[in-house]
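Following are the structures in question.
Okay, so chain A shows up in both of these, paired with chain B first and chain C after.
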Partner chain A sequence: MLTAFAILTDGLVYAAYLFIVAIGLTLIFGVMKILNVTHGSFYAFGAYGAATAVGIYANADWPAALGFLFMITLAMLVGLIMGIILERGLLRLVYGKDEVVIVLVTYATFLILEDVIVLIWGAQSYAAYQPMVAAGSIEIGDLVLSNYDILLVAIAVVLAALAYWALKYTRQGRLLTTVIFDRETAAAFGINVTLVYTATFVIGAMLGALGGAVMAPKISVTLGIGVEVIVLAFAVVAIGGMGSIEGALIGALIVGICRAAAVHLAPQIELFVIYGVMALVLVARPYGLFVRAQPRKI
Partner chain B sequence: MSLYVRIPFALAALASAAAIAPAHAQQAPIKIGIVSFLTGPAASPFGIPGRNGAEIVLEAFNAGKAPAPFDKVGFGGTKLEAKYVDEAGSVQNVVTEFRNLVQRDQVDAVVGYISSGSCLAVAPVADELKALTVFYDCGTPRIFEEKARSYVFRVSPHATMDGVGAARYLVAKKKNLTSFSGINQNYAWGQDSWRDFAGAMKVLAPKATADKVLFPKLFAGEYGAEISTLLTSKSQAVHTSFWNGDLESFTYQQSARGLDKRMTIIMTTGEAGMWRMRDKLPDGTIIGGRGANGPLARDTDINKWFHQIYMDRYNTPPTYPAYQMAQSLLGLKLAYEKAKKGDAKPTTDEIAAAFKGIEFTGPAGHVKMALGNGHQGITETAYGTYKFNKQKNMPEIVDIMRFPAECVNPPAGIDADKWIADGMKGAKC
Partner chain C sequence: MITREKLAGGLAFLFAAAAAPLAPEWVVSLATIAFANALVVLGLVVLWRTGLVSFGQALYYCIGAYTVALIVRWSGFTDAFALVALGGVGAGIVAALVGFLLARYREIFFAMLSLALSMILYGVLVKTETLGSTDGFSVSTPSFLGYRPHGEALGLSLYWFTLAIDAVAAVLVGAYFRSVAGSLATPIRDNEIRVEFLGVSVTRIIHTKVVIAGVLGGLGGALAALTIGHVDPAMSYWTTSGGFVFVTILAGAGSVAAAFVGSLVFEMVRSFAVDIMPGLWQMVLGSVLLLTILFLPDGLGSLVARLRKREEAKP
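Moving on to the complex of A and B:
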């Protein structure tokens, strides 16, 4: 019973982490059809920005809740600036080019940004554990849960609900859905597709940075953290279906629960489980769980 | 005399001084390639301290300011010139850069490498090119167990010592241990570290059983499920060879959930992270430093010298990679000077012959090149218990136990895993 409860809670926490990281990636793909490798850099910059913010507020002796908000705000501001610079300064120049070219551009940008991190923050690692320590823990049976992990799950739920509401019930969301459905038709109906692209990329970048910011208190913020994240995020998005937000949510839950079960019951297959699940889903549904095969336009 | 008149006189004086300078000062410098992670996740905990250790030791050599018997300028009177290369990238890239150092830059020796993968790939190429190479940090025992090497040396002991030392310390401190677990990274380092530790525990505490054996992915970052698994186990101790970001992430996450209150954590590389984690590293953690390095080193004059020059330059204490680099360079210097006869520069073969089996004492203690036909060093090791001293506001390692080199390293000619599996016969404790 305790093991089952532990699998459920660990799975939910891991799923929350995966969803927060993957939502920006799948949003950008859904609207712009760009497989954005730079998303790993948004995560890393968000984490470094959060670590910087934590350093500032820890020295200023602010209350923990205020510090947490400051950390998220600063990290998302970093994502906003990066998103605008990259979309306006680089990506708009390659729109319309082959998808492989665009992937290579985002990969090259990812590599350059790794060096930019060294230039700004140096090669040393940073710690931002204060929010997690301040959150405390609760004990349930033999299990001790971190309140910060519970907060992560809450953030993921709020993000999913916000995304659902924004896409279904706001004018901007409907415009976005139109562009996702057919970019050319949307443009023919007078929708400013360029503006939608810029807004989507910037929001995606901010979500990537948010992922880094909320994870920063749990990890050592060090070089290379974006690499691991981008691989996991791709796996989640592939399971759910590229471009589908509900797919990212379900994909994250499947991976989270399966991984937690593997760690508790058969740790030797833990590494295999994530990609094994992905392979199984793709064999049955090559476009992921929430995306249907579409006819190709000629 | 105006400035314009004085400059030609000064230049002429400098030219004259150069002309009458001793012959050895005009010799081409000895080129040394230093390879270490300068970027990527391993740069901060290992690569940069290793590189920094090389920089200050080479500077001290060139200034003739290292303590005796290392006090000759450079190597045997000839100054040294270092070229620093990043180890980051694929193994193929590491080998290409090694070839570049040897064939293009014509270095006289290469000192470097942290990753065991790099060492395993470079070793055969070093022998093929007849290039004198000293590995400074990589831990795999396979380097000299798989094949005899001619031009490859490693002053730092291999990783078996870490696992055996950790087991000896744990058994000495926890007499009634019945169950232990392990969380190690899922690649060669983590797997080998656990194999050696669990094997040594089987010999030293046969009644204690290994409960949870976890191998999360390298750089996984999130360890919630692993911590829950350990929390729900009955283990009294958990072994980890995690390093850098993984070690720190695990420490922060387990602290938030109180794992250290339930069981003793053994961190075989904890010394490299304790100065960063400070009071976030739980008191009572068993700490290793891949040998008697850093705060685990003996309070000798040469250790004080190294510690001081490192602190003066970098304003932080040297961690074990810096010690390993210093030990490697001291060994190379001694071998070079032993091989040098008269003014002539010794050949690579002469230096390699002189290096085999040498003994010396460095900041991390006495080194004996006893294994791998004289190519692999052994030293004593030490483990201790971590304590954050709130009065001094700095980390400490207390309750240190030392284990002689022959107690924690296999005898010459016996493979490390076989030695452990056969009950560590011949160990001299």
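Moving on to the complex of A and C:
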């Protein structure tokens, strides 16, 4: 019973993390049809930015409660700047090329940014545990839960609700939906697709950085953290269906629970569970759970 | 035109073989690795002609290498000819199985699924304590049909052995490119449905290409394992695949020869760049990749084609 409860809570926390990193990736893919490998860099920069922010904050004599907000704001600012520079400076030049070629462009950018991290922050790792410690923990029965983990789940829920509301009930969201559905027709109806692209990419970048920022207190911020994120986020997004927000949510939940179950019941298969689930889903539904079959254009 | 290309290729092969005894030992070993990796790149070129990129070619590379290493470790059998052949066969079998899943996908899904598969192998190897986990284990020196060279002679033998396999692979892949299935690569890239209207199964052609690329990857890995004398899970890591993709894009899908030249250039640049600016290797790699995509989308091979066109335009 305790194990089942532990699996459920661990799974939810992991799913929250996966959803936060996957939503930016799926948004950019849905609108721009770009699989953005640089998302891993956004995550890494977000985490490093947050670690720096926590460092500054711990030295200054400010109230502890605001530290978390300061950390998130700084990380998202990093994401904003990187998003604008990349979209306007580079991606704009390669729109219209093969999807795979654009993946390679983002891959090349990812490689460059990995070394930029070394240039800015050096090769040592950073710890940013203060917010996690400050948040404390609660006990439910025999199980100790960190308040920070609960906050993480809350952030994921808020993000999901916000995305749902923005896409369904705001003017900009409706415009975005038309672009997702058919870019050319949307442009023909006078929607400024260029602007939508830039906005989407920047929002996606900020979400990636946010993912890094909220995870920074839980992990050791070190080189190479961006890589794992790309593969994980892709697995989540592929299960749910590329470009689908609700798909990312369901994908994150499936992967999160399965991984937690593996960690508690059979730790040695933890690494393959995610890919195993992905392979199973894709065998049954080749393009993910939430994507309709596309008619092939001749 | 074809005969001229074949002549040039043959001469380059003879030159590469004859120059080796005169070159310093480190150049020979560097070239051996480069020509072993060139086989993997050749496999990626086969896929790239249909517009497919595999971000997980290291899967086959690693399987080829581990097949060789495990056979040597468990049976003490060291004949290079049989070992490398078995490495290719092992990777080919895996590619044939994986191909059933992969051949249904194109573009991003193809690339990322390959990546996921190679990372599964990486995960398995890292967790397997009996195979040395992340450290891997070493491979004892090979023999060639009873001939057991040591020291410098071993390096040269491996180099010539690799070169011979490369030549055979180059001729066979060249023949495949000129066959009906091979010539359909560009049409499939341009418009798959029209190719199917010709009565051809695109899925089957792509499955074949996955297997060809897998076998080539396995051969490359097997040769690399013998040359380096060591295998470790990093052979299956995504950065290894990334390096192969990099050379493929740099070389372009235009010709078989480009894969070999590209691989040699890549290894040379890498050994110098790591010496001169060790921390910035990835940045150099990324920048060159970006510049190639932006300004030379058909790769270095297209430069030769461009020169030739200019030559023909002259009266």
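In this text, the second predicted complex is superposed on the first by the 297 of 298 C-alpha atoms of A that agree within 3 Å, B and C clash if a C-alpha of one lies under 4 Å from a C-alpha of the other, contacts with A are read in each partner's own complex, and residues count from 1 in each chain.
In the analysis below, a contact is a pair of C-beta atoms (placed from the backbone, for glycine too) under 8 Å apart; a residue touches a chain by one contact, two chains touch by 3 or more.
Nothing here was measured: the structure is a model prediction, and the numbers come from that model.
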Which of chain B and chain C A:Val227 touches, first, second, both or neither: both
Touched partner set for A:Leu162, first chain B, second chain C, both or neither: neither
First, second, both or neither for A:Leu195, with chain B first and chain C second: neither
Chain B versus chain C as contact partner of A:Leu66, first or second or both or neither: neither
Chain B versus chain C as contact partner of A:Ala154, first or second or both or neither: neither
A:Thr3 touches, of chain B and chain C: first, second, both or neither? first
Partner chain in contact with A:Leu271 - chain B first, chain C second, else both or neither: both
First, second, both or neither for A:Val118, with chain B first and chain C second: both
Set of chain A residues, in rising order, touched by both chain B and chain C: 114-115, 118, 123, 227, 268, 271
Complex contact set, residues of chain A against chain C: 35, 90, 93-94, 97-101, 103-105, 107-112, 114-116, 118-119, 123, 227, 231, 234-235, 238, 242, 268, 271-272, 275, 278-279, 282-283, 286-287, 296, 298
Chain B contact footprint on chain A (complex, rising order): 2-3, 6-7, 9-11, 13-14, 17, 114-115, 118, 123-125, 127, 129, 132-133, 135, 137, 142-146, 148-149, 215, 217-220, 222-225, 227-229, 259-260, 263-264, 267-268, 270-271
Interface residues, chain C side, partner chain A - complex: 51-53, 101, 104-105, 107-109, 111-113, 115-117, 119-120, 123-124, 126-127, 191-194, 238, 242, 245, 249, 279-283, 285-287, 289-290, 293-294, 297
Parts of chain B lying in touch with chain A, wherever the complex brings them together: 38-41, 43-45, 47-48, 186, 212-217, 219-222, 224-226, 228-229, 231-232, 244-249, 252-253, 255-259, 276-277, 280
